[in-house]
């Protein structure tokens, strides 16, 4: 009996090691490769289903695919629920259940239920969004999160500040353009909220070309805005560059500290 | 009597601690949260008032809101005036009054006066700009100013130089495009000042698409300008990145210095 | 006899030193200058041949040029084959033959064979692509590869992560725009794959202006996407900046280490 | 006599200290302020002269202004010629004469001669370009050149490499778009040289919107090109950021070294 439990534990542990990318010693395990493949296929199918020229006449195929994907995700959720206890019984299992990754796993199964019960179309529309959010499940498999997340988190105040600065410049430049162009192009600059669309498109240097100033004064204000737009890109880039430098330095220092011990 | 003064002082100090973000130990105080909310509401109302489809028929509502906001800002100014003495009597109060933040607070009240006395419309137009400038009052609440301001200030000569370099490249490329395209598109490249608009839109990589070269020579010049445009973004970004790195390093060194003491 | 071999070896070594940029002490050798010139001319001719207004009536000239270039590249391949043995006889020669640079050299000769035998036009079309790929042969002559390649390779996980993040944001924003604009502009936002074209053009801040949102909700989503677009550029730039800093630091440390010995 | 020479020397030295920005202890001297003003006015006048709506009927005014500016620049050249000997007699004067700054000063006088002798219009056109190049004279007055120039020069190989990489990607993506779109939009993608214009506009993220792909394959290639375009901006920015960091570090180390002595 003790033997069987031990074997069961052993199987559970082995499955868990297959599932957890951090525990795989050499590369991504075959199980995770399979899961990544299913996630990508599931998202791709959800994207293509919206294109009438692809989906027309193949509705049953898309429905079947959705149910297969959901079945895989349900089994995955069950197995993860089973192996979660490995880290310390039911407490660990409960901790896992309320983790964002587990909730995302659960939410990823939902759309199939709506598809299966043939819910009204506006619910199916929402379900489609959930199916596309499955792409977020891929986040679990990346190993480089730490450095990037740490770098961004360590400078979140400065990054927020540049964001506020950007909003400030946006509002001011929209007001200036509204004053300069409001009479000439009332459809596009006739109010500050309308001019804000121009601000966003210009400060991010996208420049679709649907709105642009035509008066001399408007162009002078726009040129000033455009130059600030460069700063708007330069400042967060500079902050992030410094933060990444810093995070790398810390990583190296910690490694050196471990080597010395 | 001495007791009452002490109590007064004590209330004044407590109010001041509520108002000064640097003195709040844990997060933003409830008073500052309220002020931030009023500022944001005030700016939002000023923005929306310019949109005819929102404001038409609701002029009295917008006027009332403006007077309420101004009342809050007047009380705020009065309280700040009162608590400014905390830092050292009338001298401190006077120092506060001529500080940029206090002047901004005063200016933020002005528009309501024009609204109340029903000033002529071109004054109200200017008043609207002042109402939107209230967004600058938010600057007081940010804690990340120091690092950003220090980084930019420490490299202001280099940043100015890249700005001059940008103006130089703008003028030269506008001249080249005027030579290449002036005959073909006289409306857009018929003079160097006109071609400058193209220069700005191209070097900042906005590219609205209202002006672009059509001749072979013009396109060759434009391609060269566009490549310089990348440098124009890369140089200030690189300078700022180095400056932020430097500022972070200093911060850490100072902290290490304090720890050693 | 031994004398002749020694002389032969000596010639082979001298030719090899002329060919290998790493062995040239002062600048680029005359032989390499000549080869760079031929490569550039060969690519330029291949580009111009596609322009009917240049090539019409000069087909025999372009064909002759192609055969001359191919002859030079064939001789180059032969000489490199000959001198490869300098590094250790036939083994070194074989190692050289399966190196990417040598395979590229061989592939660069292929197009001329198709031109010479007057292959069918769709093969000539492919041959044209190969002729333009000759520009990759220039890679051999650069000395700055190491730092750039090392910097990019050292942070490949983080760069890949920002790439995944970009794809994630692209899919989500395309879905949002499909929901907001799908009914209004079915031709442009009528399915998520169609909206993806808008996503790419917006997140990279290109903004051709062929597709852009027209509804209020669409513009709000687009503005949020545009701001993320800045992060999309800032993050890899910051990562690369830190990586280059790191690579430079290592270079200096190694140099200092050598100086100490 | 010796007295007069000494006085002459003394005057010459004082004038020279006024002219050389590096020798001015506190800010920019009044003489340099005047010269900067004249240069800016001269360039502004040259720009405005091309705009018919400003210049029409004021030709004599513009001509007079040009002659006044040229007179100032001639006197400036003479004085610099005179004071150059301060650094070591005629040898120093000759060294100064063949320096780029002095040649630029001489070239800046030329246009006025053509204006004075009423040269044919195509010469005046060239003269106009020279008048605008006067803006380069401002370069002498900046103190931040060193750091920027040193940072760029120290990484010139890597920057050149990213430039070559950009040209490589441009040619390859133009070839791909020519293959994908050549048949559909022959006017815009009918040859590789034509498609190159699209490449430049896309990779620099300008995106005027005059040329863009319309086929599915073309859009897939364009999306790949656009993502590389981000790398194209990220790489030089990262290199420059590291270079500026490095240059700042050196500056500080040198300063620390001087402090220790």
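Labels for the chains are A, B, C and D, by order of writing; each one numbers its residues from 1.
We take it that a contact is a pair of C-beta atoms (placed from the backbone, for glycine too) under 8 Å apart; a residue touches a chain by one contact, two chains touch by 3 or more.
Quick caveat: nothing in here was measured; it's all calculated off a predicted structure.
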So subunit A and subunit B: same face meeting same face, with over half the numbers shared, or different? different
Just going by residue numbers, which of B-D, B-C or A-D has an interface where over half the contact pairs are the same as at C-D? B-D
Does B-C or A-C have more contacting C-beta pairs? A-C
Of all the other chains, whose mean CA position lies farthest from subunit C? B
In whole angstrom, what separates the CA-based centres of subunit B and subunit C? 43
Averaging C-alpha coordinates per chain, one finds the centres of subunit A and subunit C separated by a number of Å equal to 30
Contacts with two or more other chains occur in subunit A at residues 205-209, 233, 237-239, 241-243, 245
Please give the residue numbers of subunit D that touch subunit C in the complex, ascending. 157-158, 160-162, 164, 167-168, 171-172, 175, 178-179, 190-194, 196, 202, 205-209, 212, 219, 222-223, 226-227, 229-231, 233-235, 237-239, 241-243, 245-246
Okay, in this complex, where on subunit C does subunit D touch? 43, 46-48, 50-52, 125, 128-129, 132-133, 135-136, 138, 142-145, 147-148, 151, 163, 166, 197, 200-201, 204-210, 232-233, 236-245, 247-248
Enumerate the contact residues on subunit C facing subunit B in the complex. 205-209, 237-238, 241, 245
